[in-house]
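Take a look at the structures listed below.
In what comes next, chain A is part of two complexes: it sits with chain B in the first one and with chain C in the second one.
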Partner chain A sequence: MNTRNLLVGPFNRVEGDLEIRLEVEEGKVTSAYANSPMYRGFEPMMLGKAPIDALTITPRICGICSISQSSAAAAALGSAAGLAPAPQGALVAAIMHGIENVCDHLTHFNLFFCADFARPAYAGRDWHDRAVTRFTAMEGSAVRSCIEARAQLLHIVGLLGGKWPHTLAIQPGGVTRAPTVRDRIRMSSTLAAFRRYLETVLFGAPVEAFAALSTAEAITGWSRGDAGLFMEIASDLRLSETGQGPGRYLSFGAYPLPEGRSFGPGVWENGTLSPMDTDRIREDLSHAWMLGDDAHPRQGQTTPDEDMRDPAYSWCKAPRMAGQTMETGAFARQVVDGHPAALDLAVDGSNVLARVAGRLLEVARTQMMMEEWVAQIRPEASFMDDVPVPREGQGEGLVEAARGSLGHWIRIEAGKIASYQIIAPTTWNFSPRDAHGTPGPVEAALVGAEVGAEEDTPLSVQHIVRSFDPCMVCTVH
Partner chain B sequence: MPLTGVTLARRELALADIETFYDVMRSQGITRRSFMKYCSLTASALGLGPAFVPQIAHAMETKPRTPVIWVHGLECTCCSESFIRSAHPLAKDVVLSMISLDYDDTLMAAAGHAAEAAMMETIEKYKGQYILAVEGNPPLNEDGMFCISGGKPFVEKLKMAAKDAKAVISWGACASYGCVQAAKPNPTQATPVHKVITDKPIIKVPGCPPIAEVMTGVITYMLTFDRMPELDRQGRPAMFYGQRIHDKCYRRPHFDAGQFVEEWDDDGARKGYCLYKMGCKGPTTYNACSTIRWNEGVSFPIQSGHGCIGCSEDGFWDQGTFYDRVTDLTQFGVEANADQIGFAAAGVVGAGVAAHAAVSALKSAQNKAQKKPTPTNEEA
Partner chain C sequence: MNVLWLQSAGCGGCTMSLLCAEGPGVFDLLKGAGISFLWHPALSQETGSEVRRILADVESGALPLDVLCVEGSILTGPKGTGKFQMLSGTGRSMLDWVLSLAPRANHVVAVGTCATYGGVTSAGGNPAGAIGVQYDGHQPGGALPARFRSKSGLPVVNVAGCPTHPDWVTETLLLLAAGELAETDLDALARPLFYAENLVHHACPKNEFYEYKASAEELSQMGCMMEHLGCVGTQASGDCNIRGWNGGGSCTRAGYPCINCTAPEFEEPNHPFTQTPKFAGIPIGLPSDMPKAWFMALASLSKAATPKRLAENAVADRVKVVPSIKSGKQ
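Our next item is the complex of A and B:
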């Protein structure tokens, strides 16, 4: 029997630190163990602090999805107060959040994910020269134009939020800045410029055309722009056959606006969409270096096991919905929202290609939504309602970060934070095993991945891991 | 920039096989015209004036580029995020290609063991010549096990990478001071870089994150003049941290006139009144936000209607709530000291510009830094 163990990591081109242990037999992964090796202790350090300080501290969990963290903290405080933000404030917060999510998808596609196709191991493939030109890490032409386009788009967050990363403007009652008519015009023109980038570089066609694709075949057959180059590569490398997800998709729903969430919430499995019931969440600690009992995040605690005892192998807790693993992220969000092409792709389950396709779909759809949101801004309206944080109470803040469902749970006693728990998207996707020994989604997705006899850092593993766009600094916080 | 004969000879011997900045830029397809534009942009960003443009250009044409190793400890990558969005598109391109980030675990191509090997190779090849840029900090609790990189505690990687570095840049509040992960009770004992690396010149570039142009400005200065910029008493480059946010805040007239925002989105907020009563820490914070601003000069937190939280100051995370007025700060007395620091720093910048043809300027900067009294905040 040709058996070996591999330790893959540290992973570069993912956000934060990650190490994966693989057991390989006959050239295929038979089991995988995902270790999140960085712990900072944000949850314990929130205890005893003023509740509103969550708005400043929790975004610093992550410099890439800080608006997501900030929105979740504001939503948790608002939920504790039982009040909603001013409608126009929610609109501005949605614009900022949408921009961050789109930027994250672009970073993932251009900087983190596609760079692997430029590797020498793929030399000789029809597409390799083009992949090298476009996607070589730090040097490819797509990398540079992406960085430039993102920076321009983030002007809007600069304008509305003062700075990015670590924007401070989002509050439980709305946002601190009331945009002027001039700001609105400026945002429209920035969005128009960004649309040009998407349409000339990424999609090679109007965003509406890409967003309107309604079948898996139409998506995988897309031939224009960098999206087309990816689909060509994906088809050649059969990326739709690797990295199978659990087939259960979780989304809290993105962009809470007075008329509802723009991408709807729910749990999708086998063609059935169930409403979101966060009471069914438990965090399992059996394989995490954490002490305490399994608990709902309202009762959860974060006490690291400094002895790092077996069988635990990660700082990451294992969240489960009704006892089951869940995949979350752009593809899950598009499936839950019922986009026809995503639903069609989901017939074969999630995989490396589907996850990237989900992001591309979402970039196109979000661009269209953001243009509408900007047009709806009414400078004369109120952008912040008074939302006093109660001295006693508890709240739940649910948002969708680029990488999936993000929840903050806060309990306030005597005006101070008595409990603060966070479940981040990658906590779901990169969770370790639970008490039943069920592997987390990425661990399961890696089983069956091909490993060449000479490979120490198998390419298939790189593709699968990066297809989830892990954010390890959010995972364990 | 004229280097002394001795310095130049040493560098030529050691770095003969490394291309110059200008070579690197040329290979990136950057035109002569753009290159000269970049040089003048750099001169003005550094506050040096047009007379320095030819010197910067000359230095870049003749000097080998400086290798940079960029490592990440306990952090959130906000510094990298900020860095890749520097103002002038050319500046960003040039700086990115110029420093060539020989090792950067967030952006680089290699993975896993190959990546670790790349770092070792850079260290070996450029012994004593590379700059180590540190984002984040090492947690020391439990033998450093809260941040494991490549199977080893990050603190070991940091020490190893620092051993042969010419100088260390501490990016951001994490590396400089500890930042939020060091908030009470500091569960992992997150420790700033200068407490762990004590035998190298360290330049602190605090902020959460630092402004992109400050980051590229610092690095360009070091590459161009082969030395550290003048530092204030806390080890920050005085050219960017020499003044308070308050000193150059566009809302300052409202402070002086006693016109304040009393609550979110009130009439005063719409009129752009001063945010002091909403907890703004601008009066005690040294940074360039109110001059350089953020996201390519678009805005900064105060302009978005939210007070400054003082993220470039030591201990900003443990001063009571961020929405308390500055009078509630336990160290309000810092204001007197802060003004003195400001004066000292302004003096040093002028002196530094005049004197930088000296021997190994990097070394002299190091000596100066060592002679300076300990930072006031640590006394507090």
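Our next item is the complex of A and C:
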């Protein structure tokens, strides 16, 4: 039996620190262990602070999902107060959040994920020369036009939120700056320029055409723009056959607006959508270097095991919904929202291709939504309502980051934070094993990945891991 | 000039901010100045064993290193081991790697307030034992001792900010590449003076409100945020309002206070960030270099002289009263 163990790290082009340990037999991964090797302790850090300080500190958990963290904190405080933000404030917050999510998807596609297709290992493939031209790290033409378009799109966050990342503009009662009619015109112009980028570079067609794709065949057969180049590569490398997810999809629902969430919430499995019930969440600590018992995040604690004892192998806790692993992210969100192409792809389960396709669909759909949101801004309205945070209470803030479901749970006693627990998207996707020995989603997805005899950092493993777009700084926080 | 970039314990936001550089974008800007990344964790192709080879070659001296950039604080916990952050695949802590690589580099640049002074990662009870590369909060001496000098003779260059402005990072690298950054170009906290010689207060759009102490009482109001809302822009180093962020924004332009994120220990102001601490109703913090008695005298005088326009606009979320126009010759 040809057996070997591999340690893959530093694992770059993921946000933050990740180490993957692999057991390989006969050229295939038989077991995988995902280690989140960095612990900072944001949850204990919050204890004893004024609740509103969560708005300053928690965005700094993550420089790539900063507005998501900010939105979750504001929502948790608003939930503790039992009050909603000003409707127009919620709209402006959704615009900022949508921009961050779209930028993250673009960064992932162009900088983090597709760079691997330019590797010499793929020389000789029909598409390789084009992949080198477009996706070579820091040099490729797609990489360069992406960062240019992204930087310009973020002008909208500069205008509404002062800067990106780490704005303090999103508050429980709304946003700190009331946009004027002139701001609205500027934002429309910025979005129009961004639409041109999407339609000439990424999709090679109107965003509506891509968003309207309704079958798996239509989306995998897309041939225009960089999306088309990806689909060609994915077909050749059979990326739809690797990185199988659990088939259970979680979404808290994205962009809470007065009329509801623009992408709906729920848990989807085998064609059945169940309503979101966060009471069924538990965080299992059996394989995390964390002390204490399994708990719902309302009762959870974060006490690191400073001796880092076995059998734990990660600082990441293992969240489970009704005892089961969940996949979260853009593909999960589009399945839960019922997008027909995503549902059709889900027939074969999630995989490397489906996760990228989910992001592309979402970029197209979010562009259309953001244009509508900007048009709905009423400069004469109030953008901030008074939402006083209570001296006693608890709250839950649920949002969708680019990478999936993000929850903040706060308990306030005597005007101070008595408990603050966070479950980030990659905490779900990159969780270690639980007490039953069930691997987390990425660990399970890696089983069966092919490993070449000469490979010590297998390309198949890199594609699978990056297809989840992990954000490791959020994972442990 | 080559750059090895390590992400130690932070949020990665300084890299994300760096990608917002414009006119030209970051890759063209650095390439145009002959600056290339030996490896960057978010941007480079190399992964796993390829990276371990680069690190080994730098460590052995086989590969000369011009600049070591460290983004994120250095974790010393648990129990002084640094094991709260292991550089994956290497079996060694980030603390260990930084100590080993810093003496190899011609220059060492700490990017962001976590890397410079510990930053937000050291907030609360500092659960992970976070320190800066060459400072621990205000105290000189972090992961590297206060006496450390890189091969070039410079101390660790502290590009502080949470996050850093993309231009603060690129211009520091451009100046180093051009041989134009000397120790005299750094302030007392080793921050480049080209941005740290300014105050966030400079060019703040709320300056007219400040002049008359016409204060906002709640976030979203237009008035000066110093009196009630925790703004310390008059004491904070940074050219945020001169340079502008993401197409021209800034914290105060977006209606929330400056929290002095370029300073050591900004993460623990000892009061809620968006509330001004007061003694007998008077804000405790004073503008930099302002004698207290004069500030008090001027403040009471200017408050008494506040025009109606500013008093009304200060507590509104948009301009309610426009400046009056002088009438022409009658």
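Here is the rule we use: the second predicted complex is superposed on the first by the 477 of 477 C-alpha atoms of A that agree within 3 Å, B and C clash if a C-alpha of one lies under 4 Å from a C-alpha of the other, contacts with A are read in each partner's own complex, and residues count from 1 in each chain.
In this section, contacts are C-beta pairs under 8 Å (C-beta built on N, C-alpha and C of every residue); 3 or more make two chains touch, one makes a residue touch a chain.
This one's a predicted model, so the numbers in the text were calculated from it and none came from an experiment.
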{"item": "Three-chain arrangement built on chain A, chain B and chain C clash or fit", "value": "clash"}
{"item": "First, second, both or neither for A:18, with chain B first and chain C second", "value": "second"}
{"item": "First, second, both or neither for A:184, with chain B first and chain C second", "value": "neither"}
{"item": "Partner chain(s) touched by A:150 [first = chain B, second = chain C, both, neither]", "value": "both"}
{"item": "First, second, both or neither for A:125, with chain B first and chain C second", "value": "neither"}
{"item": "Which of chain B and chain C A:416 touches, first, second, both or neither", "value": "neither"}
{"item": "Partner chain in contact with A:28 - chain B first, chain C second, else both or neither", "value": "neither"}
{"item": "Identified clashing stretch of chain B versus chain C [8-16, 26-34 or 98-106]", "value": "98-106"}
{"item": "Doubly contacted residues of chain A, that is, touched by chain B and again by chain C", "value": "7-13, 15-17, 19, 37-41, 44-45, 49-50, 52-53, 55-57, 60-64, 66, 111, 115, 118-119, 136-138, 144, 147-148, 150-151, 154-155, 157-169, 171, 173-178, 304, 306, 308, 315, 382-384, 386, 456-457, 462, 473"}
{"item": "Contacting residues of chain A [partner chain C, same complex]", "value": "7-13, 15-19, 35, 37-41, 44-50, 52-53, 55-57, 60-64, 66, 107, 111-112, 115-116, 118-119, 136-139, 143-144, 147-148, 150-152, 154-155, 157-169, 171, 173-178, 180, 304, 306-308, 315, 379, 382-384, 386, 456-457, 462, 473"}
{"item": "Complex contacts: residues of chain B adjacent to chain A", "value": "72, 74-82, 84-85, 89, 92-93, 96, 101, 104-116, 139, 141-142, 145-151, 179-181, 183-188, 190, 208-209, 263-265, 269-270, 289, 294-296, 298-306, 309, 311, 317, 320-323"}
{"item": "Of all residues in chain C, those that touch chain A in their complex", "value": "7, 9-17, 19-22, 25-28, 37, 39-52, 75, 77-79, 83-90, 120-121, 123-128, 130, 162-163, 218-220, 240, 244-257, 259, 261, 267, 272-275, 317-318"}
{"item": "Chain A - residues contacting chain B, complex", "value": "7-13, 15-17, 19, 37-42, 44-45, 49-50, 52-53, 55-57, 60-64, 66, 86, 111, 115, 118-119, 136-138, 144, 147-148, 150-151, 154-155, 157-169, 171, 173-178, 304, 306, 308, 315, 382-384, 386, 456-457, 462, 473"}
